[in-house]
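Below you'll find a set of structures to go through.
Both complexes below contain subunit A, partnered by subunit B and then by subunit C.
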Partner chain A sequence: MNESLTSEIHNTFKNTKCSIIGDNRLLIKTENEVIAALLKFLKDKNFNRLAMVSCVDWIKRETFEIIYIVASFCIENPLNIIIKTEISRKKPEINTIIDIFENAEPYEREIHELFGVNVIGHPRLIPLLLEREYKIPPLRKDFDMRKYSKELFDSIPFIGDKK
Partner chain B sequence: MDRNKISKWLKEPGKMSQKYSLSVVYFCTGCGIIEIPPVITARWDAERFGVIPVASARHANLFMVTGYVSLKTLKAIIRTYEQMPEPKYVVGFGSCPINGGMYWDSYNTIKHLDKYIPVDGWIAGCMPRPEAIIIGVTHLWTLIDKGMAKGYVKYRKKYKYFRQNQEKLLGKLPWQPAFSTGDNNE
Partner chain C sequence: MRELELYFGPQHMGMVGNFSITLSVEGDKILKATSNPGYLHRGFEKLMEYRTWIQNFPLVCRINVIEPDSMEMVYAMAVEKLNKIEVPERANFIRSVYLELARVGSHLFGLWAYSNMLGFDTAAQWAMYHRDLILDLFEELTGARVYHIYINPGGVRRDFPKGFKEKIVKTLHSIGGCVPDYNDVFFNNRVFYERASGIGKLSQGDAIKYGAVGQTLNATGISSDIRKIEPYAAYDKVDFNIPVRENGDAHSRILIVRDEMIESVHMIFKLLDQMPEGEVWNRTPNPFKWNIPEGETYVRVESSRGELGLYMVSDGGDKPYRVHFKTPSYNNGLVILEKLLKGANIADVGNIMISLYIIAPEIDR
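Coming up: the complex of A and B.
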């Protein structure tokens, strides 16, 4: 079953690498452009649960890695599929997948907010988690957390009994 | 009732009854809340000490902040604190509200809770044992007895400075000032 699935993915999508990395885990590395088509293809194959959308900042490689995990409720073939794609760090843009998996909406908002990745076609990219505005999104590696927290929180004075 | 304390009861009945009936609002900000269920239920039974959890902040007079405080939580903490009736006491639970704890370099965790609301007592530790809460409550009794747990008076008097600190961090606050922001409120 897994082999037929991987060969089918190889045939349908160019520049795609599949590898089995453990029990019930399949890793697919692909390009950013085919993500929507690949997810739609997998959803038709009964992988109809999107578990997570995540992002990793590889500052030395100058890329963001976007990770999608889809899973199947099928008992005969319980397979988790991890899809990884890399986008440029200078102009980070991904396409939304809300029309395929509706529950991707908060994940994409989170990625937009914490990494500054622009999500094209998302209906509402309004603040989800953060309370303040940041020049550099706070989960990027070049955000100096210690300097920021020192400057912000230490500048606020204690309130003594005398003042 | 303890017979030795009868004279105290007759002299300061208000203070004594506040002391022995602390209605607590447990504010579940972080991991500290996991210590609370054993304390208020059969194992450590905090009701022996007159400590009882209440549903609404408007019925409470002890405010326990259990765990780290993020910017978004701070907003809720200030609102909750301002809704509580006086006299009210605040206890910071765990090391994170004291000085940031293990989140000392985080971008989103405030380091010192007492810059934004007055805090009467701290329970240090990461995590404190349930016994520490009970010891903290007995220490709070002593403070109330000596008239040292006056955080709410300080908040009223120095409201201008507290509000300044809050607005410095959170921007313009969407609610009205609780007291006048003049120099010296009485």
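Coming up: the complex of A and C.
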């Protein structure tokens, strides 16, 4: 089943690379433009469960990697498909996939909040988890956690006798 | 009638805490609900990028307070997959027994929250007492009651102590012996039936559309369980059923919790019977000099609330490059809860939320 699926993906979508990593994991590398079409194609092939949308900051390569993981609701089908695409780190933008998978909504909000990736077409990009605004979104690799906490907590006035 | 905005939680009698919902109401009816997580956001995914592979275990289990064991399992599995570590047969069985005990404990906690919310104090106190018996078992096995840090990459931290098998059997018999009492007091009670049936009804199509997991999915008639789809630990060596119900409402979801608990107890007995002798840990490298080869993996386990996944990336260093947990409450709490609350009554908010089995620290991470 895997071979026919990968050859069909290769034929339908250009510039797409499929490889098998481990048991029941299919990795597809593709371009940002075809993500919606690819997800729709997989949804029609019964991969109708979006497990997660994630993002990795590859600061050395100056790119963000957006990851979509889809699976099936069918109990006989253990295949998970990991779809990867790279976007520029300078102007990070992706298109929303809510019209294909409705449960992508909080994941895209989280990516927007923690990585500063702009999601075009998202109905509500309001804060999800964080309390305040950050100059650099906190899950980017250039956000220095130790420096931030030092600045935040050392700016509080000290109460009591200083030794 | 006038439309009002109402803040429900995080400090509310009908909730289990750390999570709030903003409701737009007209009279008693909810027009719109917005989940509002983040009260327990500790940035674990960022913190984990600063710590070595072994140092992350105490963080991982704190993501879920009720059932930290499946979190340990999924993290250990990801490390094993990336570094290609084999696990001894006996350790696989111990892991399964341990995870099933955790499932029973977690379900008892869920039962406590639900029956307490409905006002069934007796059943709630029993459930809490029985959970305590399971925590006693964990204390003897691991030295800790809540955060056990027992599963290690390559196996488990130590073997069962002497006479521990008999203790598990004795404890589970005393809990299982109370199932008829639970049925009399709670599950067959007319008040429970009237309060729960038809509440928070999710159709099968909607469950697929919104990506439901766990009891929420199984209650709509779809049988789904990672232990069957992709067996890990020793689940392929033992036969068990997946409880499925058709109605998709709070009543079905809570009954599935009960059925899963009974199924887990039976499974533990079977696992203990088949458990082989042997080693429990394959030695892993020195944790201070442990570099894991470059790569990525997505692993998943069935926690007590549904599919729990972990996407982990290593860049060849001694720390993870990126970790992202796909937690079951995330989907249920942020997507399905909002849809189910639309059109419900204010009195049913706690009922729907707790029947979806939402645990806030899991959403926030």
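FYI, the second predicted complex is superposed on the first by the 154 of 163 C-alpha atoms of A that agree within 3 Å, B and C clash if a C-alpha of one lies under 4 Å from a C-alpha of the other, contacts with A are read in each partner's own complex, and residues count from 1 in each chain.
Assume a contact is a pair of C-beta atoms (placed from the backbone, for glycine too) under 8 Å apart; a residue touches a chain by one contact, two chains touch by 3 or more.
Small disclaimer: the values here were computed from a predicted structure and weren't measured.
Participant: Going by the contact rule set out at the top, does A:105 touch subunit B (first), subunit C (second), both, or neither?
Facilitator: second
Participant: Touching A:157 in the superposition: subunit B (first), subunit C (second), both, neither?
Facilitator: In the superposed model, A:157 contacts subunit B only, not subunit C.
Participant: Looking at the overlay, does A:130 come into contact with subunit B only (first), subunit C only (second), both, or neither?
Facilitator: both
Participant: Would you check which partner chain A:138 touches, where first means subunit B only, second means subunit C only, and both and neither mean what they say?
Facilitator: A:138: touches subunit B and subunit C.
Participant: In the superposed model, which partner reaches more residues of subunit A, subunit B or subunit C?
Facilitator: After superposing on chain A, more of subunit A is contacted by C.
Participant: Touching A:78 in the superposition: subunit B (first), subunit C (second), both, neither?
Facilitator: In the superposition, A:78 contacts subunit C only.
Participant: Examine A:3 and indicate which partner it touches, taking first as subunit B and second as subunit C; both and neither are also allowed.
Facilitator: In the superposition, A:3 contacts neither subunit B nor subunit C.
Participant: Determine, under the contact definition given at the top, whether A:44 touches first (subunit B), second (subunit C), both, or neither.
Facilitator: So A:44 meets neither subunit B nor subunit C here.
Participant: Which partner chains sit in contact with A:148 here, subunit B, subunit C, both or neither? Use first/second/both/neither.
Facilitator: first
Participant: State which residues of subunit A lie in both footprints, the one left by subunit B and the one left by subunit C.
Facilitator: After superposing on chain A, subunit A residues 129-131, 138, 143, 145 contact both subunit B and subunit C.
Participant: Inside the complex, what are the residues of subunit A that reach subunit C?
Facilitator: 21-22, 24-25, 48-52, 54, 56-57, 67, 69, 73, 75, 77-78, 80, 82, 101-103, 105-106, 127-131, 138-139, 143, 145
Participant: Across the complex, what residues on subunit C touch subunit A?
Facilitator: Where subunit C meets subunit A, its residues are 37-38, 41, 43, 45-47, 50, 81, 208-211, 217, 222-225, 228-230, 295-298, 300, 307, 309, 311, 313, 321-322, 324, 326, 330-331, 334-335, 364-365.
Participant: Given the complex with subunit B, which residues does subunit A contribute to the contact?
Facilitator: Within the complex, subunit A touches subunit B at residues 129-132, 134, 138, 143, 145-146, 148-149, 152-159, 161, 163.
Participant: Considering the complex alone, what residue numbers of subunit B touch subunit A?
Facilitator: Where subunit B meets subunit A, its residues are 70-72, 75, 100, 104-108, 110-112, 114-115, 118, 154, 158, 161-162, 165, 168-171.
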